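Once you scroll down, you'll see the structures, which are given as structure tokens.
One chain, chain A, appears in both complexes that follow, with chain B as partner in the first and chain C in the second.
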Partner chain A sequence: MNKQLAWGVGLAALVALPFVYRDPYHLHILVLILIWSFAYTSWSMMGRFGLVSLGHGGFMGVGAYVTALLWNHLGVSPWIGIPAAMLCAGVLALIVAYPCFRFRITGHYFALVTLALSGIVLQIIIATRDYTGGSLGYTPERTKGSHIVALQFDDKVVWYLIALGIWAGGLAIWYWIDRSMSRYAMEAISEDEDAAAAAGVNVTAEKLRITVLSAVMTAMAGALYGQYQMFISPDTVSGIAVSLQMVFAAVVGGIYVALGPTVGAIITILLAEVLRIGFGTKAVGWDNLVYGVLLVLFIIFLPKGILGSLLAWLKSPSKHRDG
Partner chain B sequence: MMEIFDIYLLEALVNGILLGGVLALLALGLNLIFGVIDVTWICYAELVMIGMYGMYYLFSVYGLPYWVAAPICILLVAALGAALHFLVIEPLLGAPPINQLLATGGVLFVLQSFATVAFGIDFRNLGIRLPVLALGEMHFSYARLLAFVAALIGMVAVYLFMTRTYTGTAIRAIAQDRQIMALMGVDTKKIYLVTSALGGGLAGLAACLLVLQYDVHPFVGLSFGPITFLICVLGGLGNFVGGFVAAFLFAEIISLGGLFSDLEWGYVLAFAFFIVMMFIRPAGLLAKRS
Partner chain C sequence: MLVVDGLVKRFGGFTAVNNVSFKVDQGEILGLIGPNGSGKSTIFNMLSGTFPPSAGSIRFAGTEIAGLPPHRIINSGIGRTFQIPRPFRRLSIFENVALAGYYGQGSHSRSKADEAAERALAMVGLPTDRTASVDGLGAAGLKKLELAKAIATGPKLLLADESLGGLDEAEMDQAAEMLRKIRTELGITIIWVEHIMGVLMRVVDRVMVLDHGEKISEGLPSAVSHDPRVIEVYLGTDAHATQATAAAAAAAGSDPARR
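Our next item is the complex of A and B:
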């Protein structure tokens, strides 16, 4: 009961925040943190079960580009465009993941195949530069009509509330899975696929379900990011760098706990901002340098992530000292 | 049918073979690491990038002749490979494989941003323009020919090392059975380190060859890193011959695809081919059917 109360109070405080405090820069950072937290949470849904995907940059790119292309070229509202983009990402995930799971491609192989996927999406975006603007990036056209239909808002408070809702939705899905049979099935699969199959788990179907869910959510994060920033480029929403960035943030925060990816997003985005403000244009590269070193150190010394290790330590300080 | 088999097609075919040589070299290095240590270096192409910068500095800034700079560069990247193993992989040998993969992903970030910070994001090249070889109507660059020949020599050298020396034999034995070799009195730690240095050395050789054809910048690794992974998976991770065949298949698809449209579509075609092959031969091109 106590926990639910804490959640309720926390959420209410977050909803009330923009009505009390509305510095545009800080709200901007919060919106970014919420959108990326949602993306990282989506990644961790698979990652926590040992399905390490390096292809989520691809799903994110599909989400952002399909939505923007539909809007610019066909005038389709993002209210239809985003579900369409999510559908595309889901189908893409099916096409790639089905053979992987059907033929028992796991571990390294799965990571490399998905890595290739984000490479494909990146190359297609660049190759179709006549439509997508290639590596120069792409801007959804400003609406002349209704802001609601176009899902374009100038007020950061609106975006903050949207991002907050999506983020909370992501956490709700996390809990829903956490308490479902799927979770036990997936945990069994990640321990030993053969044993899980022998115990009556439909291994391929279970893995596919979680993968498609994760891909669809990631596409949604990409679409929202595009709508919010009003500018997308292969570097910011697609490709291998984005995929690795997701993995990194999720691992730093902790992929086995619900708020881990959120903690990861807060740490990485604040780090990037602090470095950017501190060094100005000289910061180019420094943030990633710090990220990379931290990632390596984390995987060697704190594989459960910051939040994960902290929670384990709080539960029983003696048992989990080696973390 | 003769019209289709025109001179451009032939030129693209030959260029594909020439490209395949360097890709096969990269795939060999990655397969070696995977086969022996059971680790995938996601940052492999970034080692090549560092090697290309090494060549740039040795050749253009310090003014060493190419033939002196190249061996230094190969040794440098070999040392980097050994350091990567010693610092990052060794502490993680007992960890789940996926952690090792992610750690090398972190190294990718480090190397890329290190290059950005240290060398800037400008495109640089050696400023050597090798002549173009004209065969009838076809044109081939010497840089590519040289790269192809050197890559082949490099691969033969590795083959001889693996089959004719004690260390090479031990490396192959470990690839077959990791546990037993330690009991047979082979120092696995040393073998791992030698293998990593060898893998790094191959990346260094590839760097010396690629720098003749391409400009170097901090993100150059992304343009051939993913292809190398695809080639290794297509050939079967750790399968040297499979990787070799897959490299040439891929190079041909990219080269021929690029003939009919932009180069990017060559890549897209190659990726699509890869996914189809995953359905047909998931364990690699040369895997035995079960």
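Our next item is the complex of A and C:
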């Protein structure tokens, strides 16, 4: 009950925030944090069960590019384009994951197959540069009609509220899974697929469901990012770098707790911003170096992630009393 | 209930199970024994769908199940335990069994799964509280959990794989008694694979003996333990089994007082 109250108050405060405080730069950072939090949460839906995907950049790219291409070339509203993009990402996930799961490609091998996926999506975007703008990036055309139909808003507050809603939706899906029988099944599968099958679990189907859900959500994050930034490029929404960024951030925050990926997004984005501004033009490139070293340190010393380690530490005194 | 005909399993050039046929009647306990590597676990893995047979047919309750994926076989009414217990350590004891109760019975109702879990845990004598951790269980406890998971899937036929390895004398007797109880109280037919012949011979209705993937003997425990081929296989393979054969003979035939 207390927990629900805390969630309610927290969410209400987040909704109220932009009406009280509307510094555009800070709101911009918050929107980015919310969108990426949602993406990292989507990644962790799989990652928490040992399905380490290095291909989620690919799903993000599909989300962003399919939505923008449909809008620019066919004039299809993102309201239809985003679901279509999510569908594409789901189908892509099925095509890649089904053979993997069917033939029991797990662990490192699964990660390698998915790694190829992000590379392939990147290459396709670059190869079809006549349509996608290639590595120069791509801009959805400014609407001349309704902003709502085009899902293009100049007001950062609107974007903040949209991103907040999507982020909260992502958390709701996390909780829904966490409380479902599917979580038991996935935990069991991640430990021992044969034993899970002997308990009657359809291992391939369960893994596919969570993978497709994760891919579809990630595509939504990509589409949203594109609509908000009004500029997408292979470097920012697809490819291996983006995939790795998702893995790092989720792992830094903690992939086994609901808010872990969010904490990961807050830390990585703030860190990158602070370092970027701090180093400025004095030492170009140093911000990335420090960023990388810090990530490595987090991962080595806090394998459960920052939030995961914190929660475990808070819980540990009571555990000692019980034992 | 179960009719196995001409079952063959080859791994590359090695034939692990060669043309084995047998049947199991409703309500009986069939013992399956044989030295290490004789193909007992391979037969179990084919019966439960872990891998498909290279040839042969498996008919369960009139339906061909050879080569079906494991979850479909489990859902059709076959439950199994593993030789080495394979608990899910990230789940509580109750969740382990509730999982089997849910997915093993066609994923219908969570409350039914919880009920099945409670019944199965009570049956094997494990705590039914929701949070008890698997880490607190010893060898005997893990075997009980393995059994509870299998029972919770609601099987008509239970494949119990060497459920007594690593237990002491008293625990073994308890476990044997448990299988008998599962049969009488739940009406579950059982195939029991075991290294230790002594205890097995006291509980089963019939025994089948495997060696090098082939069936070498089948029949009543008393007859099988005197079968010269069986004695030869056990004497010729390892000393531990020799003792087991002797114990079995004592238990099954010449020493009725121990029953």
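Just so it is clear, the second predicted complex is superposed on the first by the 306 of 323 C-alpha atoms of A that agree within 3 Å, B and C clash if a C-alpha of one lies under 4 Å from a C-alpha of the other, contacts with A are read in each partner's own complex, and residues count from 1 in each chain.
Operating definition for what follows: a contact is a pair of C-beta atoms (placed from the backbone, for glycine too) under 8 Å apart; a residue touches a chain by one contact, two chains touch by 3 or more.
These numbers were taken from a predicted model, which means no experiment stands behind them.
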Report task. Kindly say whether there is room for both chain B and chain C on chain A in the superposition, answering fit or clash. Result -> fit
Query raised in the report: When the two structures are overlaid on chain A, which partner does A:L164 contact: first (chain B), second (chain C), both, or neither?
Result: neither
Query raised in the report: Should A:L208 be classified as contacting the first partner (chain B), the second (chain C), both, or neither?
Result: neither
Query raised in the report: Of the partners chain B and chain C, which touch A:I177 in the superposed model: first, second, both, neither?
Result: neither
Query raised in the report: Between the C-alpha centres of chain B and chain C, what angle is subtended at chain A's, in steps of 10°?
Result: 80
Query raised in the report: Which partner does A:A223 contact after superposing on A: first (chain B), second (chain C), both, neither?
Result: neither
Report task. Please indicate which partner A:D192 is in contact with in the superposed arrangement: first for chain B, second for chain C, both, or neither. Result -> second
Query raised in the report: When both complexes are superposed, which of chain B and chain C contacts more residues belonging to chain A?
Result: B
Report summary line: Rounded to whole Å, the nearest C-alpha atoms of chain B and chain C in the superposition sit apart by 7
Requested in this report: Go through chain A and flag every residue that touches chain B in one model and chain C in the other.
Outcome: none
Report summary line: In their shared complex, chain B is touched by residues of chain A numbered 50, 52, 54, 95-96, 99-100, 103-105, 107-109, 111-113, 115-116, 119-120, 123-124, 126-127, 239-241, 244, 247-248, 251, 284-289, 291-296, 299-300, 303
Query raised in the report: Touching chain A in the complex: which residues of chain C?
Result: 48-50, 69-71, 74-75, 80, 82, 86-91, 95-96, 98-100, 102-107, 110, 113, 149-150, 153
Query - chain B residues touching chain A - in the complex, by the definition given at the top - result: 34, 40, 42, 88, 91-92, 95-99, 101-103, 105-117, 121, 218, 222, 225-227, 229-230, 232-233, 237, 262, 264-265, 267-268, 271-272, 274-275, 278-279, 282-283
Query - Partner chain C, residues of chain A touching it in the complex - result: 181, 184-185, 187-188, 190-192, 194-204
